[in-house]
Amino acid sequence: MATQANSIPHPTLIKVDPFIPADQQKGIHNRWHPDIPAIATVKPGETFKIECVDWTGAQIGNNDNSDDVMNVDLTKVHNLSGPIAVEGAEPGDCLVVDILDITPFEKMPWGYTGIFELENGGGLFAREFNSRAAKAIWDLNGIYATSRHIPGVRFAGVTHPGLIGTAPSTELLATWNKREGELIAAHADSIPPVAFPPEPKGAYVGQDLAPEVLEKIAKEGARTIPGREHGGNCDIKNLSKGSRCYFPVFIKGANLSVGDLHFSQGDGEMSFCGAIEMAGIITFSTSIIKGGIEKFALKQPIFLPSPIDPMYSSKIIFEGLSVDIHGDGKQYNMDASVAYKQAALNAIAYLQKIGYTREQAYLLLSAAPVESHVGALVDSPNACVTLAIPTGIFDHNILPNPDGFPKRNFGQCAIRSDGVV
Amino acid sequence: MATQANSIPHPTLIKVDPFIPADQQKGIHNRWHPDIPAIATVKPGETFKIECVDWTGAQIGNNDNSDDVMNVDLTKVHNLSGPIAVEGAEPGDCLVVDILDITPFEKMPWGYTGIFELENGGGLFAREFNSRAAKAIWDLNGIYATSRHIPGVRFAGVTHPGLIGTAPSTELLATWNKREGELIAAHADSIPPVAFPPEPKGAYVGQDLAPEVLEKIAKEGARTIPGREHGGNCDIKNLSKGSRCYFPVFIKGANLSVGDLHFSQGDGEMSFCGAIEMAGIITFSTSIIKGGIEKFALKQPIFLPSPIDPMYSSKIIFEGLSVDIHGDGKQYNMDASVAYKQAALNAIAYLQKIGYTREQAYLLLSAAPVESHVGALVDSPNACVTLAIPTGIFDHNILPNPDGFPKRNFGQCAIRSDGVV
Amino acid sequence: MATQANSIPHPTLIKVDPFIPADQQKGIHNRWHPDIPAIATVKPGETFKIECVDWTGAQIGNNDNSDDVMNVDLTKVHNLSGPIAVEGAEPGDCLVVDILDITPFEKMPWGYTGIFELENGGGLFAREFNSRAAKAIWDLNGIYATSRHIPGVRFAGVTHPGLIGTAPSTELLATWNKREGELIAAHADSIPPVAFPPEPKGAYVGQDLAPEVLEKIAKEGARTIPGREHGGNCDIKNLSKGSRCYFPVFIKGANLSVGDLHFSQGDGEMSFCGAIEMAGIITFSTSIIKGGIEKFALKQPIFLPSPIDPMYSSKIIFEGLSVDIHGDGKQYNMDASVAYKQAALNAIAYLQKIGYTREQAYLLLSAAPVESHVGALVDSPNACVTLAIPTGIFDHNILPNPDGFPKRNFGQCAIRSDGVV
Amino acid sequence: MATQANSIPHPTLIKVDPFIPADQQKGIHNRWHPDIPAIATVKPGETFKIECVDWTGAQIGNNDNSDDVMNVDLTKVHNLSGPIAVEGAEPGDCLVVDILDITPFEKMPWGYTGIFELENGGGLFAREFNSRAAKAIWDLNGIYATSRHIPGVRFAGVTHPGLIGTAPSTELLATWNKREGELIAAHADSIPPVAFPPEPKGAYVGQDLAPEVLEKIAKEGARTIPGREHGGNCDIKNLSKGSRCYFPVFIKGANLSVGDLHFSQGDGEMSFCGAIEMAGIITFSTSIIKGGIEKFALKQPIFLPSPIDPMYSSKIIFEGLSVDIHGDGKQYNMDASVAYKQAALNAIAYLQKIGYTREQAYLLLSAAPVESHVGALVDSPNACVTLAIPTGIFDHNILPNPDGFPKRNFGQCAIRSDGVV
């Protein structure tokens, strides 16, 4: 018969509490550095679990104003769980990681999506919208998310780690800091900043390390904001549970870290804190392919997507070109970022016709399973990018209505307690 | 019983011959201008067909060298069929176009994909690869394409018009010429050029018009290379047969033109002439939504995709960031175009490990139903874009092989008769 | 350049006229018999086309009453095109057939779905409904079908041959006639009949054969109504264009015949003439696997489905059990046929609540891309079968409305000129 | 910030221990009867969880022989959790149930599939195979299942409750007992039995009820084996997490019960205990549609499937007809059950060619996401049913190999300790 004895649960290698500030917990770190020791070691083939706080480390609450978003301390992000070493992994190898599952904590069945202040975090339209803090809280009901701040919508999550990667080598870290430093130097006064140099303030490694090691990590450690050659904060929604990912290995043990779990996200993650951010538990197994970097020409991770992806076959698709039609009309040269933004602005304008506020539309497109494809990148001077909204996530009909849309009022998302939007 | 009398075929409003140079045929034009008169008029609700030559107007042949691509005359493109006026359409309206079907000519069951010379047409990697002309001829066997120039591959087409749009108003045309002119002026010596000003040489309108009208069109008419507010050369593979598209109307009658039919294309259309270019027949029906531009905030076309899209659920996905890892390592600032290119270069390098030449890989990724998603555009400074190759289009296994790939030789695509690649 | 000379169309091996009675045309036959000679021979690897009349051979017209259905002569069906011999095929081999394309004739862009009279053809509910002739004419607009007889519906076709198979050997034919004869004998008075013995009346082979050969075929030839070990009239909607099918070979040359082309069909084909029946053109290529019957344990065809299948992800699903809940409440013993019928009757009752007539609902479920799955066949005594209606084929919302459905009137399908339903 | 206080977990209304025999636990019952009182009551709109033991109540262990399956006590099944009353539900209403999530217990990450003895439980091929007990244990690794007893296979689960339904009214219960009793009477000596009458032995209700009430329930209560008008043991794999189901309400409160959780199942559930049977936790929310039975002609449940369903687009499909080709060649009359069995036998024979044993193939087809469609039910005398195996669940290529399959040995599943198969 079924017994405790013949039922072996998968071990949890890192345990965290999603309600305690991250910098009071073991097994968490928020910078990339080769000198951060592995907190645990696994053998290839083992299935294991890792618990993660939300990316901010419990700074954001389940409530109805956005003051916590306004005041978020971004020197303390992203809070990652790890590193996990894999026995036998060596530089030049490929670390195969199966993302077997991702779930929220049972005790914390909610997540959030935020618009950050122009001066504190920004986001894709921070300047265009002169962004003030706003947020939506999402209730996680099994496979679905709904929000009291964006009524009329329910969708299945494409749950994924926003951030996952192997540790950089000393050389790779130096390359990052050099190239990003040059970019920062060239745009010194940009708001929001174009990139983030190493920042000792807020740096954290939840291990008992010698002070000089901690200091070195804090001083040199790469910030976690961008994705890089090792993976990192790529925010690829389809690197979801069920995926198999092939990472390059740069140091002995590979030293895998993970965090920034997302219940759902739209392609582009528009508002920066654009996914449904959550704390939760991720299940992995790993294997190693010796010499995989050479075998697969592996300059960056490659992955096989999950067989599980929400099917919303009916969509409405918006086009965008590299002309700032929503702004000053400027012609850009084959710029897919501009094209994505135009498609997004077309979509936001459409959702406003339906009755959502601009902030609700911005949050919804960030968090829902929106698909954005590169259409064409060769028709000079106009890059073309599309953005597709699945119609099945709405409980009302959003297809173009020949009579125009009836006036509807969906309220507003959570905004600052001083009412500024 | 079934009889000729009770069987009414859909009328063909424009007939062309795919084997005759386009500029000897009626109903074709290759510039955008409001003064090009409609060649036919339809009522809303009618189903009708339009025949199209391939975009070059028969310049490329079904043979085994790329000299025709090398010498292609690009002043004569794109050859569009139209314009078709729709009764009742007025500026401010939305023209709804159902793309009901697209088929190649029965007498011409083939298409081509080309890499253009750096100095004559270019393409996404024209400079990186110092591109020399190359091509692949595709045999169109019902829903499938195969190529003797890229063995080991067969895929179902996502057939679509690369180019479809309504006619611009005089004002809109002026806007285009102004903004693109400014871009050209700012990059005067660029090879390939960043954009294309009006060019009387090669301009063509296949109608009996007064010489001064023809001259005006040739002198002012916008080139067809980029997509713009009216649609145009967007090269969106999912605007495929079965789609419903909503176009803004800028002049009375809307004046719809179409051409550049593609049997298949990958997201991005990489090599510029990257789709499987074909001549063929497109079937439409239309309707009008009065005041649709205002109702739907319609600054550019929006569309509903077809329920028919090839299902290749197994994929291998490559990531790309806005760092030129394949080149000089430069850090770009949140540039999705750079990120797409890196993902593409990762994919090309991978296909070369399998045994394809760089040219074959470049052509294949351009033409096959490759999916490219914007991953995230908010993780400064790195935009992240992914590119997914469906594994089911290969008759061999392309998944990462722990033992590395066996050496295979797939020959080479069609190259220049002088052998230069 | 593109020329006629470098463009070789796929050859058409059998040409027919869809407006001429089938028994006046060459290359058509309507019985299965090993002595029907091949009308053409192909080499493995060739792509070729075959034209087909509709299954009745032009008996049904594009009009608004069902008298032609009422009076249809079923001794003359199904009209098949063929046989085509494949060089090198021998008994014991496997004939691989790629169904590359299927299109209606350009001159006949319509099809029909029929309910047959109880006493002339029947159908799944012939007895329950005491069926009288009715039909719907479908306009084929590219990938879509619509019907003036069933308003409010539009769907993409899953185009397939209802009937395709290799020729039986003499022994296999004898087996068929014996086993079906025994069934007929056991249900001698059934209306509609349970099976159909060889029937010289109406038998036809469109070749110049010796009278004694024709007579033998007419006397012994198996009727085409059921599917059998060689394929035949399986009416599997997913054996659609793009599929690859593996047939057992029973005689030298394999002798492939095809007909009964369907623009679309629901799982089950409910009303017997339940698909959208059409005349048209099918494109094939073939290959041979020597000894394939043994290699693959091939007692019946197996196939690989097309990558192209309409995606209607939103569905409403009806359950059915092997209890005649809609009839006398009788408990059947694990009977999946009864379960399918109950699911179908639940669906019909639901569509009637929406406003369709029973005849419209019956025709629609027969013709639309309805999915029917075997749920479970092991929970004694109740087989469970489901039937799923895609909601995206309606231009109105058919999901369960908490307020009930508003009264709507969709008219009626084509019925008999005497008004009897 | 995120706190315990602002994070409200969904309440668990019934808690069970999967390692304790079911008949020692509260909140479980194994018969259907209107007099079983609700163990808990919910308001419409609440999200809540229910824990379930596996259907046998811990009788089967994670080990490597099938003696527990051989000796299973089937008078004690199925063990259901419930009933749950919904406030306001009355006979004639429709109870809407959202199945929001289903997960295994963290402490029990495994499930099983069993072949039962011909004389104790049976299964679809119990007689054909003279079945002896066998089983496969599946490791549940996040979204995937693998089995040491069926190597070479990994697939994503379509997790669903095999059994879910509302309580019958007294009248409905009487109808069931009458009609099934008549069937039993007509097949008195059948092995396995055709149906199961009320059976006091093994009957269990985990509530403190008066002895006479318990006795009445045990004496009259319907067995849980078949699905019926209220839902019940329908074993529909697509009624999976994410589905919305509409149940008819027969008694006040509706009294919903659920159990028999399946991690995965193939259409048909072939071997009876054919799913991956597991213990676990199901999450629900409910609502009520007043008068829904009348509004939707609701004789049985209808449901909307989940947007989440594993996508395995590449398949190999087997056909089956209502002729017993694998047995005595008998011709059946339009019998879809026979047709399903033939398709299944074709698939089993094919998998044996690849190297699996008959028992492994039988278990695999029962448990994997196999799709079985009703092809056609109108081509007298042959029903046609298809069975599709997704190729992507194998780590080796199972497509028809022109050279035949290489000899491979996948061992054997768990069999009886006496070695009898």
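A, B, C and D are the chain letters, set down in written order, and residue numbers restart from 1 in every chain.
Here is the rule we use: contacts are C-beta pairs under 8 Å (C-beta built on N, C-alpha and C of every residue); 3 or more make two chains touch, one makes a residue touch a chain.
On a predicted model such as this, the values are computed, not experimentally measured, just so you know.
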| item | value |
| --- | --- |
| Lowest number of touching-chain links that must be crossed from subunit B to subunit C | 1 |
| From subunit B, the most remote chain by mean C-alpha position | D |
| Chain centre separation in whole Å, for subunit C relative to subunit A (CA means) | 50 |
| Euclidean distance of C-alpha centroids - subunit A vs subunit D, Å | 38 |
| Inter-chain centre distance, subunit A versus subunit B - centres from mean C-alpha coordinates, in Å | 33 |
| Junction residues of subunit D, two or more chains touched | 307, 311-314, 392 |
| In the complex, subunit B residues that touch subunit D | 311-314, 392, 397 |
| Touch list for subunit D against partner subunit C, complex | 94, 123-124, 175, 179-180, 182-183, 187, 192-196, 225-229, 233-238, 246, 267-272, 274, 289, 291-292, 295-297, 299-305, 307, 313-321, 323, 325-326, 329-337, 339-342, 346, 349-350, 352-353, 371-386, 388, 399-402, 404-405 |
| Sites on subunit B touched by subunit C in the complex | 1-4, 6-10, 18-19, 21, 47, 54, 58-63, 68, 98-101, 103, 106-110, 141-144, 155-156, 241-242, 279, 283, 285, 306-312, 392 |
